[in-house]
Amino acid sequence: MTRVGIVGIGHGRFGRRSDATVQELAFEAFRDALADAAIDRQEIDAAVIAAVPEYHKQRSLTGVIMEYLGLNPRSAWLTEDACASGSAAVRTAWMAIRSGLHDVVAVIGAQKMTELSTPEILALMGRVGEVQWESIFGTTFPGYYAMLARRHMHDYGTTKEQLAAVAVKNHYYGARNKNAMFQKEITIQKALSSPPVASPFQVFDCCANADGAAVVIMASEERARKISDKTIWLDGLGSATTSMSLLRRPTLVSLPSAVEAARQAYKMAGVGPDDIKVADVHDCFTIAEILAYEDLGFCEHGQGGKFIEERQSYIGGKHPVNVDGGLKAKGHPIGTTGVSMTTEIVKQLRGQAGERQVEGADVGLTHNVGGNGQYCFVHVFKKE
Amino acid sequence: MDLKLKGKVALVTGGSRGIGAAIALELGRQGAKVAITCSSRVETAQKIAAQIEQAGSRAMVVQADVADFKKTQEVVAAVAKELGGLHALICNAGVTWDGVIWKMSEEQWDKVINTNLKGYFNYNRAAAGIFKDAKYGKIVNIASINGLRGKFAQVNYSASKGGIIAMSKALAKELGKFNVNVNVVAPGMVMTEMAAKIPEEFLNKAINETVLGRVAEPGDVADVVAFLCSDRSRHVTGEVIKVDGGQYI
Amino acid sequence: MFSWFGKVNFTPHTKVGRFADYLKDGHLMGSKCNSCGHTDFPPRADCPECLSGEFEYSEWSGRGKLMTYTRIDAAPTGFQDMGPYLIGLVELEEGGRLVAWFGQSIPESEIELDMDLQVVPRVFDEIEEIKVYYTLEKPGTTWKKAPA
């Protein structure tokens, strides 16, 4: 069975990028990925774009990105699943390569979140949930996860301090990631005294909108072995959905889409949670990382708060998680995030993460969630 | 038509004589429980109440000055409590005090505005709260064709009746979504005790204005009011129905 | 008509538009499949069990339990004039769930997860257009009130 691997990675600076258009951001990461893979643009024979279009002035982003990157006349299309678009695009590229239709595919995550005016952005934020029965009451993205957090706190005794501890960890590592939007560490006190957003969440429980791009170049096993001697293999893929609206969600203290996606990915890769040495999970809100520990099997259900309290997700703990800063410190350019996570795990498994390196990391995982939990993609990567 | 008013509760202001008495009697004959307010002629009002009770329905009399805001809120609450709810409010109490403007005193203006316009506000406000909660109500405010047109020597009266019309339309918009109808009946000349005192030449002038060649009986107005208090007129709201024999077309 | 429903309505065109008409008259309606009898709240025209598109409206009591809630401090466009507001997720006695604002009868300090609630149909009083919604109130709260 031929494998599919990542042969090149590129990542731009995340943040408020008022200096560039979305295609200019894509070019930065694309240039770096080509250099990293040491290949010519000619070797690429298709592209999958990961972006959430409604935040941009440009309609149909694939066209403008392909033109600017000089990738015409190759086949290209957009893959979108809200904040899970990045991993959805990686999965799509994997399928395109395994089908035999393409050999080398560039996955280009590019997203601007700051092009629209504040009222336009605020209006979009009110339509994250199910607009027919929920958004009419003014629900918001933080509001949904806040409701999950409150149930988790009620059922398992998870505390606000434990939520804040997630933010503290991710800002610690973000300060050591030159591409992250936020470069300063924070304390629990700072997190707990920040303004309220949607109870029990305060500002530091929530990720920030950001602009940014990241690129991975994927190849069939045959081509990968010719291109690179540090190919990282994408061996386990899992993907699942759950209800979009909380009205029909089977449980409020876990993401069923993540549990199922993880099960599929572990099975396909022939590994279990204990084999995962490093992971990037979807911490759009602090509770989301705690749920991820539980849904991925890093700890028992309900014990996620204890897990972070015991620093088990720091380097040196049982399962280092988000040691690139996570969405919390990097910022969250929603279409790009899954691709960003992929570049980090590839770096870790290659041993190129510098002061954030997890020693001996040979199996890694990305966990990328879309919207308020309705989409999840879990990918397991191996060094060899 | 059967107006199905049996058991409904109606409050009629100024119901001791004239149009008000005719309205109270008609609603009572239809089976409604009727409360009558009056400012001074309590005995006369009680005679009307007695007639209603003889016809087989309940009636009560309350003495109150329509212009007294606090008192009127209490009256409405008391009537609702005593008669078991409130389904229809008919504001009818009104006075005239004619005169050309350059001779009109401040008191002449204030008296007519306070009785005719503020008095209606006071009662409409009290009933609106009840009707809004109960999700049902009928308000009929008696105005005049002289609120639709101007009348010589009646700047105060025309102002008050015109004000009632505009107020009723605004009120219809506020209460519609709670299943409450608000309408105006605008009579022309009506043969009442008050009208009998008018010099004959003015009476004839009015008759000649009509196309039907006659002026109204109080019952003519009461019939339209009863229809507006019933569910047969459920889709009529914010409307002004003239009962003027064609005096002002 | 469904455009009446909610402070800001995003889906005026739906097969279950009459939900809002019923709500205006004080009734909370779910759906019942004419083919297999499956009931659902919120109402839906298309049965998830047997796929039939034939349904009728069926009345829910409005009684339910609070599953979770939040206070929204940072409001989206169209809701910013409301100040912070409380949103609850309720599991209904006859099945299904809804989200709604808490009403006047329950102050924030009295909110507890799993508490019993009554969903009460409401109309926005002080605007001219007809706009309907529902609130979460203490059990026993009714839509109509008789005069004292």
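Of note:
By letter and in written order, the chains are A, B and C; residue numbering begins at 1 in each of them.
Criterion: contacts are C-beta pairs under 8 Å (C-beta built on N, C-alpha and C of every residue); 3 or more make two chains touch, one makes a residue touch a chain.
Keep in mind the model is a prediction, meaning the values are calculated, not measured.
Chain closest to the overall centre, judged by the mean of its C-alpha atoms against the mean of all protein C-alpha atoms: C.
With centres defined by CA atoms alone, the chain at the far end from chain A is B. We define each chain's centre as the mean of its Cα atoms; on that basis chain A and chain C are separated by 35 Å.
Mean C-alpha positions place chain B and chain C at a centre distance of 40 Å. We define each chain's centre as the mean of its Cα atoms; on that basis chain A and chain B are separated by 71 Å.
For chain A, no residue reaches two or more other chains under the stated contact definition. Contact of a single residue of chain C with at least two other chains is seen at no position. Chain contacts: chain B has no residue touching two or more partner chains.
Chain contact summary for the complex, chain A toward chain C: residues 119, 122-123, 125-127, 131-140, 142-143, 146-148, 150-151, 154, 195-201, 246-248, 252. Touching chain B in their complex are the following residues of chain C: 24, 26, 123, 125, 128, 130, 143-148. Residues of chain B touching chain C in their complex: 77, 80-81, 85-86, 130, 132-135, 173-174, 177-178.
Interface residues of chain C, counted against chain A in their complex, comprise 5-11, 14, 42, 67-80, 82, 84-85, 87, 89, 96-101, 113, 133.
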